[in-house]
Amino acid sequence: MDLYPAKRVEIIIESVMEGHLTEALVDAGVTGFTIVPVSGGSGRSGQWSGQGQVSRAGGMVMFVCLLRPDRLQTLLDSVFPVLDRHIGVLSVTDTYVLRAERF
Amino acid sequence: MDLYPAKRVEIIIESVMEGHLTEALVDAGVTGFTIVPVSGGSGRSGQWSGQGQVSRAGGMVMFVCLLRPDRLQTLLDSVFPVLDRHIGVLSVTDTYVLRAERF
Amino acid sequence: MDLYPAKRVEIIIESVMEGHLTEALVDAGVTGFTIVPVSGGSGRSGQWSGQGQVSRAGGMVMFVCLLRPDRLQTLLDSVFPVLDRHIGVLSVTDTYVLRAERF
Amino acid sequence: MDGILALAQQNLLSPIILSFVLGLAAALVRSDLNIPEAIAKGLSVYLLFAIGFKGGANVSSHGADLELALALLAGIILSAALPFVAYGLLRLLTRLSVVDAAAVAAHYGSISIVTFVAASTILDSQGIGYEGYMVAVAAAMEAPAILTALWLISRARPESRQQDSHLWREVMLNGSIILLVGAFVIGWITGEEGKRQIDPFITAPFHGLLCLFLLDMGLVAGRGLYKAQRVVSAGALVFGITMPLVSSLFGLLAGLALGLSLGGVTLLMVLAASASYIAVPAAMRVALPEANPAVYLTLSLCITFPFNLILGIPLYITAAELVMAG
Amino acid sequence: MDGILALAQQNLLSPIILSFVLGLAAALVRSDLNIPEAIAKGLSVYLLFAIGFKGGANVSSHGADLELALALLAGIILSAALPFVAYGLLRLLTRLSVVDAAAVAAHYGSISIVTFVAASTILDSQGIGYEGYMVAVAAAMEAPAILTALWLISRARPESRQQDSHLWREVMLNGSIILLVGAFVIGWITGEEGKRQIDPFITAPFHGLLCLFLLDMGLVAGRGLYKAQRVVSAGALVFGITMPLVSSLFGLLAGLALGLSLGGVTLLMVLAASASYIAVPAAMRVALPEANPAVYLTLSLCITFPFNLILGIPLYITAAELVMAG
Amino acid sequence: MDGILALAQQNLLSPIILSFVLGLAAALVRSDLNIPEAIAKGLSVYLLFAIGFKGGANVSSHGADLELALALLAGIILSAALPFVAYGLLRLLTRLSVVDAAAVAAHYGSISIVTFVAASTILDSQGIGYEGYMVAVAAAMEAPAILTALWLISRARPESRQQDSHLWREVMLNGSIILLVGAFVIGWITGEEGKRQIDPFITAPFHGLLCLFLLDMGLVAGRGLYKAQRVVSAGALVFGITMPLVSSLFGLLAGLALGLSLGGVTLLMVLAASASYIAVPAAMRVALPEANPAVYLTLSLCITFPFNLILGIPLYITAAELVMAG
């Protein structure tokens, strides 16, 4: 059970952009990611909460993407145009994965 | 697209403390964080699950907070009194972010 | 408020395996973990979304487990048989925690 | 005696009780049957809204000013006083710490709205009337017990820290109290005309939705019972069954003193006998994080709630009937 | 004048308005009362399906071909034209940037389906009939305003980038439009026979479920009001109240020109006067991310929506009555 | 023949089928219309509870002991036997691996409860009666097919590993089976009196809630169809349509042998013809993780389910009518 170095990219972005970001990732060949729901938060534009919300306008989602270190730049290049004008944050963390051939 | 070092603080805490922790963070000037729902878990006090629960007493939430390394101490100082007597765990991970001016 | 080194293990696995994995972890003495709902994703088997799904067959969940570095191997040994034949990814990240005695 | 048994059996064989039993059984055999959290919360919103509204509409057509004020007062006193009884009984029967005992006591002074709803549904199906304002009494009884519990602790541990504003908000502005009182007021203001408009929503499907809610509660209670052995001593178990019986006597006396109808007396007994498992647990996590939630949740949800639902309610009806007939 | 006041009071004291007020009050005192997101979305699916279906079934029994086409056309023109009025008024009354003003204008050209539903419920309870196809007009008015807003910006900033396919999907295939139109078509196809089958679902509990939805909207609007002071200037506030009044006049003229019934004219006034807070905000996040959502959401949801719900609707009914009687 | 067409057309133009078609269409044009997961699960809890309860209450008033036992036995045999047919047909028509073919076979031996519900709703609206215990037969047919599939694999691959306790829990204590059987038993125990209490909940809104559930299924099936081309070969497609026809013949024979009523025979045909897409897929993920879920989900949910819903049910009714009249 060896562990291999990888990158964990976490992107928190507006719900309305979920489809765009998915497309951008898949187009860039980044086909492994997981989407986690988000229930609230706070940023420069103040606090928000998803409670009782019907519109998708206010909400956010979190993408978690594990990938080989050498693919990081491809991911960043494809994500940046989507993230650029929109509300959201991105972080990149060093991590280790099992079964490196999957990433 | 440069990446800047940052800290990723993850706090898993009882749902009833969501409001307190939010206030503590905002009071300490930590205004960027995201709240993720949690559906179950296990700890020293045994396993729990949010399924079918009406009361907020049993549930937990996860705060994810990205911030500049030099602001970490402020965050810890403001969070500790809230976390202290309550159920919850906190972890701090080194990470990298885009657009450092936002944090 | 000292911080102690720890490992953050994140396992994204099919919902149907939630019970198995919980048992495997608890049996291995890993009793601290948190389960986060997942709303969609993409992998080698294509994209999926939990929207409107009634069956548990399609969904996934995320386990987040903080533990002392010396317990990592125990965890990996107990998780591997469950993860092996099933859809899912595992990552291990270096992190720091408060109150080390809890882990 | 025959009356109780017949009533208990009839109760036991109603869809609402059997739905609860189904949930309990499914959880105990560890089926994956579950009601999503959002649906459970939605059902509780529905029940609180419907029961509050119906109570208010009833008051609007029957009037209740002084009577209502006195009943509220009696409810508040009961809620504030019963924790002393509970605390004493707990110290007698168990080895719980001061904090744990006080936390449990708060639950038993406060009330369980679903037990109240189940009881009023059973009264309806028996054709026994009751005062519409009893739902306001239920709301009034939610919080005072918490104050008594905090006082019990501050007496035992004078150094304990001051409670902050979060606690007060948790206690007084708790969502379920606001919704129940709000719906009551809406029902009162809009009266018969309002009732006519939303009646097909709050009356026709009520019984069935209560079944689903009790199914969910059975599931949650059944899951909790797994942990019960480790957490609940024999003494605590005895408490979980004795306390509602004792409390119901206080409810009975208060109901008679207020001159309530048979149904009203029964409901006051039920309120006194029931223990909170939604609002008070949340308040306790804020106010007394060191109290062990497994103790109070298990007692309230896994012992006292099923006891009241299955045996308690028929017992209280029969007792009220006997006393009021005599 | 007495008529308006009586109607306003009667409206104010109905369960639906009081439920909204309850939600607003609970949020303002910062209670933790909340409706889970999934339940709120489920309620909106129900309302859209029911209102769409009923409209379609109504058209199927009364027929509407040319009339319907003309009304749709009028709705599209209103939706496309009103943003110009809104934009002008905003530039006059506020210092909002071009982008912010255009984004707000898009909201006011488009419509709020809950305001429409509330108005038709009030008409029903007044016994005032209306054309079943008005719900199709509502659907037709959702999107055109967005195009006008984008045109306003592209005129002011010729360098602004081309919109991509995502925006068009967001605008034209928006879930609420599809559901409303789809249910309308289903109602139209299945007619009386279909209505008979699902009537106990779409009619009987409608009023009560609308109460719960408005309770939720009160909660959301109340939370939004916390931020309102910082975001909304006095000028914007004036806009949020003046604009619906101005728009309703356009609606009135269009309704008279189309020869609609009293109820139909009122509903067209309501559609013109209402501002979107579900579909357009989402489209704006995609199309104009640089516009400040706090501005348009606060204006639409926290100012104009409550105004229309509480005062606007009785006003529009009375105005239509006066004009059509005269 | 005219009968079938008329029936098919009438079926096609009913609100439930059109709601499914609406969902399908919305997903195919890639609208963002969606039903939250919690609401979809809540709807399925409702449908299972209501259909189980109604069946039980019906049995309680008509009695069914030996008949019921024989029908259950027939259902179990059908469920256990049909996977052999399916497996053979798949090996003939497709190049699926042993594991994939066995996994698909398990789905077709088991049943789809929504197809059953839709069929009984259509029978109701045609005024065709059926045995109340058919819902118990449905429950009994959920699991046996899984055992056959596992046996098929263990025969082909004797080295395959033993199944553990998790699988048995997944199969036998599956939430939907427990709920269906539990509600059936509750209906049986509480009978007419219980039915009277919760009838406005389980009967009046049933049709409408089924529409919303089918809308959701249309959305899910439509999203699945996107992947269908890549996954499903022409042979598999033929299987997805032929298999229900073949199975329904077995159901017809079994129904005639049991001496069921016209409605009962039709429902047994529907059960035999339908393929699971809730319980069996989850069991397959546990038992046969190496089987490709895209294959069995696409076949069951995107091919066979729509086929049965739209064409199959009218066909089975007509076939049963012809045979039983002859």
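Chains here go by letter, A, B, C, D, E and F, matching the order in which they are written, and residues are numbered from 1 within each.
Just so it is clear, contacts are C-beta pairs under 8 Å (C-beta built on N, C-alpha and C of every residue); 3 or more make two chains touch, one makes a residue touch a chain.
Just so it is clear, the structure is predicted and the values come from calculations on it, not from any experiment.
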### Query
Looking at C-alpha means, what's the farthest chain from chain F?
B
### Task
Tally the contacting C-beta pairs at the A-E interface and at the E-F interface, and name the larger one.
E-F
### Message
Measuring between Cα centroids, what's the chain most distant from chain D?
### Response
A
### Cα-centroid distance, chain C relative to chain D, in whole angstrom
38
### Query
Just curious, how far off is chain D from chain A if you go by their C-alpha centres, in Å?
45
### Summary
chain A touches at least 2 other chains through residues 19, 36-37, 39, 56, 93-94
### Summary
Residues of chain D that touch at least two other chains are 32, 34-39, 41-42, 170, 204-205
### Query
Okay, what are all the chain pairs that touch?
A-B, A-C, A-E, B-C, B-D, C-F, D-E, D-F, E-F
### Task
Can you check the complex and tell me which residues of chain E touch chain A?
34-37, 40-41, 44, 166, 169-170, 216-217, 219-220, 223, 227, 277-279, 281-282, 284-286, 289-290, 292-294, 297
### Query
Considering the complex alone, what residue numbers of chain F touch chain D?
36-39, 41-42, 45-46, 49, 53, 169-170, 173-176, 178-179, 182-183, 185-186, 189-190, 194, 197-198, 200-202, 204-205
### Message
Could you list, by residue number, the parts of chain C that touch chain A in their complex?
### Response
10, 12, 36-44, 47, 60, 62, 76-77, 80, 83, 89-94
### Query
Of all residues in chain F, which touch chain E in the complex?
13-15, 18-19, 22, 25-26, 29-39, 42, 125, 204-209, 211-212, 215
### Query
Which bits of chain B are touching chain D when the two form their complex?
14, 16-17, 19-20, 39, 45-46, 49-58, 85-87
